[in-house]
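You will see chain A twice below: alongside chain B first, and alongside chain C after that.
So, the complex of A and B:
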């Protein structure tokens, strides 16, 4: 029978099978696993509603299809029809046709599953849903994952001819994916690529690109294994080895398998995403790696430094040009005319010219902390117009993967760090003269320079803008571009540039987030003291991509994690009664918490309690006493009451006997109540004991001044503020501040 | 003869592929809820309190009703309708036969109930060293049985119209069951028992003592009565037409 006809027959047969339809239904249910409480909590909706269910469906569905193909493959032998079917067609033809039919059906199932879940996911993600991104995930994760599981299981069966053995080996292979080492290595986890995080507003295709690369490697290997297993299909009731050798006589099977394996090996060895630094840790000495150059006497200086950087958003690459006018003002003659610079190892140097004449250069293979050295030799006297042209995809530090994606170029988002922006000269003096940067970006993107929005731009006429930055130093830490919106707010005597992803614009509008910014900064500056990270009375408040973990503060800029504006986190009732109030809470952390006074985290003491208390005070000023009492004080009392009533808090002896996970859960709940409810109540009590709000504010003002302003003025490091410090400063005792369930106002 | 058919029905349900799987699912479901609400105790009461036990029963109910309705839906499948010709040749009417089946399903429910009760009581009695839990089955049954009877009766009623409607009823029940309303007359009642004790004053033990909420007990009586009435009505309605069919 012809192969295509055979495929059609298999297709019809499978469609009539009950077990196939059961598998389809089960597979359509697998995304549910991604919503179980087992998976980690996430404010980023793309993680919660795309990454988690897709990964769960990929792994669980893969296993289901593997079982299905095992049943199918062993069916002909279980029923003893193999003698019959072998007579009808060439022995390898039937399994091949069956696999083709299965692959077609599984692909259709994946599409159906994606369509079934789409309305729910789109509904849940609201304005953050992107059809393109959703389908890209299905295409990169789900479909190849299901194929791969079937191919591997089928090959295992053809090799072993024992369903139990094949299932056992498969189970072991799946188990390997959950080893800690494999979990962290994005290319080894074959059942599903690792995704650390997605971003809603600044969608990065990084995990997908890396995932696709790993998929191609694994599919090539799976297909090679499958082709070899076809050669091993038993013929004339012979053993495996004889059949295999006979099968290999058809040269095309082993040759294509070898080619596929070669492809996988090459792709595995030359991944463009990582810097191939062999070390898996960060070395503190890295900074001094280029010491021999840094210590050289710098004879040549560069002036008129100009960098032109053009990210190519579709390919994820960057083209750059660095231009220098080399001068020799040192009075010394150049002894060594070999110079070097370091650049991101993902980039290749296209040309280096001096006064338009090419100069010889050599890029060394050694990679240290995302830096690779290029040496070039200039003709004496080594002065003139030096131009370096480079191009490539910025590579990540291998030791950071997959925890952190630093430099990335995506269709709607660009983030480049240090040497992925421009080369760093090692033995030419560039530091003291500053530099001009030109960055070419599509019209709809906003450039952020060191976390501050840039305004100087000029259209090129072809739908792009050239952004100009005149920097004081030759060094840049970070450059970002994306669909950002900047709102200018005047508050507390400071100019605030509040910048966030444009997708959140309606959230900002609806919840009057700008009003919240103004209210908080006015209130806290007046009651506690000025913001400390301002530069020239300006502060850039920036929402960054979820890929950049943690919020940071620099002179003139403070960043927030992306989840500051996501619907999930703005609904967090622990921090505030409305989205605006949650945001107020977060902004107050500029005074209490990471950016301002840092708190010792104790059982009933920490920055959260102080922040919640301040939020309550501000809300009271904004919406009145009734509101603040209802949504804050009464809520705190309720929580404390519930906590005190909890059985295990009444009988702690039983708590110790519970399973560990349960104890952890209860202690976490307790700690949440202690910090978000009990401590604010304690501060409220302190307020009453001190004599009122004015006295409390005076105390907080003193704390902020002593802990932050004075320390910074003296150039000292901030120290954690403990409960004991508070008791000392307020003159109150622990007994006086004790809060129990009968707390009365 | 009656006992014989009952025994036959029981055997069929028990040996059928569906029931053991359902029983297993119910037990697994119960384990999850034991972890979720049982171990921590509801509404600030002890894990072994009557409040917690009733909340646990309320959480179990949707799954129990779902499995019973799925078993019931089997009766209305085409295959089963054909096989029914056989017992119909016995001297019993279709209505009586249906009652026998409902009885068989109720016995299945009791097995599930007992399994879940043991799962709750034995670990807690051992862990907390209290014999209090041993006296709970009655109140649990008072809570669960009326809902089960009402749902089975509804299943009978709409199963007669179209067999597949029972599946719809099962799905709808389970989904609404997950939603759980915080009112004493909620069909399932998990949320009510979790939240109600919070409103009560704490006693000497540091937690509210168990009390029977009047509205709750009334709702149970009403559900029970409505269920029985629907059952009797459908038994009467069934008598004539099916007999004719059997005679054909």
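So, the complex of A and C:
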């Protein structure tokens, strides 16, 4: 009663302060910082209008409240009010009440700030605005950030009892948040967790879940620090250490702090969202678990493979069952009856049975690249009906964060990759027999299998559908589900399934997007030849979540990023290599191959360069010569120039002296420039040398039909068409095609 | 209520010895005036009594039990007015008193009304504290000390900044309060002590020089105060101290204290101020 009344009078006192209202006004202005050019440019409106302003407001507002908190904490000592208050109450009581009041007030300020900005943000985002998602950001990012800043600053003051020292330490702590290492380790950035990206079309709560987890960790630590600082509140005019030791005699303070620290440590160590593989992605080795079995003969084969996958949308978890009929047709006796598979490390193996009998198994602790190994021992002769049951939250590859989020299960969207779907057997032959998949999803969700819409479904009667997929292989790269709409388009002589998030349905209709897709495919088919497909003359053009970085293409499927249909993208045709052009680029990969594969680092020639050049040609036709020159040719020249001027490229002897990771990084950068800038520039030079676009088109048409199409028809992803092949077909020499920064149109 | 101070010595971490082997006892009702020069140890003594300091040596008992374990109980019964203090300037007078009432765990607007009436702040009750004069701020300080009718009141220079009329009024209020509680009044204004205190403590150099009724202190000084007219350049008689000097037509009328007055000094009836000064000078000599 006394404490609540004290909080109330403290609340009333703070409301009387001009400085408080100045802070409120400043904090309400802080989202403006999120719109400054300093923040990262993004076509995803949820990033631009929610993530950026919220992160900016969290950091800037947090600093403002920290300063306010410091002034309030030090003010009682500066003015001598503490002489009165400490005489009639415990010295730690008033700071605690003040902090409670401040927390209430900044929470209200956050709500006011959210309400003030909401009409503007909703107006800018139009049909992509989600009130629930917006408020979730305020609740997870903004409010705890402001709390944390106040807790830390006031703790520092209570420890040091010197405003300048507290401010300096706080500034250093804030500065640490912007160190590159901390920026890449999302949970270390205490002031505001790093947001990978949001998605407009497929609301993905993964960044918020991770953010909330990080928030709880940091708030626990902040609160622990604050409780300890309450113990350090000066009493009997003694210094920090004596006061602290005396304060700790109130055992509830150190015990509560210790419990909170323990909670933070446990939560940090056992984050369910990441794979906890400590290595950098540069050091990872995807073949790690296979090494043990490379030379081992596969005696046991699996047939009748069936997987049942049930994502639980509210908890973000997945339940799965993998079933195999194990046979021994090899003619050999099983010498080693211990078998292995790998699965996402976020999953727990619930049971393994052979013909309904439990099988002993052991999940090993080592995690590599989103995989963890489980070993199980089958009774001889190791044949029968094997069943593996698993459940859990798919964990992301730690080393890829915050760049890429792969597997996620959200209320309206599911995306599962590789071992997040099913186990991968290491020493049982499963490769040749295909598999049947059953995916259980709510009835308003559409299943996409390897980026293509699935049609075979069966209602369960309880608001769900079981989707059936019969796959040629037991291996799946990607499974997605969400509120998708698929439209059928006939273009370039193929059937196109144009699939996108249902939120864009009216936009697609109003802007005749299907007509635009048809025009692009018709154009490319006319210039380079008809598309060749391995899958029934059907192409799936799929809009993917922004969490899946970049565009992907597979035989019969190409993805395009979701930002292509945002209100701003549709209204702005003047931007450079925009999302629209990425869309075109990914489509053109279907002519030149090379989709979804990484290229050799040293190679200049490849599918990517042919695709980039063709994209430029199409963009030139669509948007004009000036546009294409500005956003393509000049960009290529600039990047080639930078690459040629790079010290390590000019003096490779010094490159070899760098650490391995840096060498790898530089070579990867070079590879990117080679494929995305140097080679298109060489093709442009070839165009000039051959006499113009018509001659180049004729050459490309010939290359496509004579050199590329057969590879595509064979289902090859990476078309083997070398630089030497091009020199031969074009009749040009390497010297003639040499480009440097002096290149001119 | 009963307070016992037993052989208290207080040495600050800086090494400064503020009190040395001080002992005294107080029971309610009682109005104790504490006199002493600046730096005598009065404020340190008061801080010890409000549990704002821990003595280096000795013990303070509240109702026969050690004070520190009863800190909470002490604070609930304490009204404290320090020598210098700050107020929350952004609050109105009533709000500030409500704030302090909340800190003390006291509820009820009646109590705030009572102390406002008592301190003559009714007209300023809705005035922001930043707009108050120095005297009015002092009265707000007194008002907060009166909140909850505390059983122990410790007042350090409470009438500083008040006009004479107000000073007398508050003096009387304190006197009334002392009818059922312990009031410790530290002041430099001897008149206040003489007028209302039933007991006086004189402290200097961290030691108690006198503890008793004011009249006893005066009696001790009987025959040790005298007056004489001095001429310019005359030296102060040996062993004596000048209490006051008044210019008169014949020269300067000097009032002196000393164990042995010179023959030319005419003995007069001592006042409490004379007695205090005499005590201080004597203490300084010893």
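In the analysis below, the second predicted complex is superposed on the first by the 558 of 745 C-alpha atoms of A that agree within 3 Å, B and C clash if a C-alpha of one lies under 4 Å from a C-alpha of the other, contacts with A are read in each partner's own complex, and residues count from 1 in each chain.
By our rule, contacts are C-beta pairs under 8 Å (C-beta built on N, C-alpha and C of every residue); 3 or more make two chains touch, one makes a residue touch a chain.
All figures in this text were calculated on a predicted structure; none of them were measured in a lab.
Once the two complexes are overlaid on the shared chain, A:6 sits against chain C while remaining clear of chain B.
If you count the residues of chain A touched by chain B and by chain C, you find the higher number for C.
Look at A:701: by the touch rule set out above, it reaches neither chain B nor chain C.
In the superposed pair of complexes, A:658 makes contact with chain B only, with no contact to chain C. Touch criterion not met for A:256: it reaches neither chain B nor chain C. Looking at the shared chain after the overlay, A:645 reaches chain B, while chain C stays out of its contact range.
Of the two partner chains placed around the shared chain by superposition, chain C is the only one that A:94 touches, whereas chain B remains out of contact.
Applying the stated contact rule after C-alpha superposition, one finds that A:666 touches chain B and leaves chain C untouched. On chain A, the surface touched by chain B in one complex and the surface touched by chain C in the other have no residue in common.
Those residues of chain C lying in contact with chain A across their complex are 12-13, 47, 50-54, 71-72, 75, 78, 80, 82, 84-91, 95, 98-100, 102-105, 107, 141, 144.
If you check the complex, the residues on chain B that touch chain A are 35, 39-41, 44-47, 127-128, 198, 202, 206-207. Against chain C, the residues of chain A that register as touching in their complex are 2, 5-6, 8-10, 12-13, 16-18, 76, 78-90, 93-94, 236-239.
Of all the residues in chain A, the ones that touch chain B in their complex are 642, 645-648, 650, 654, 657-658, 662, 666.
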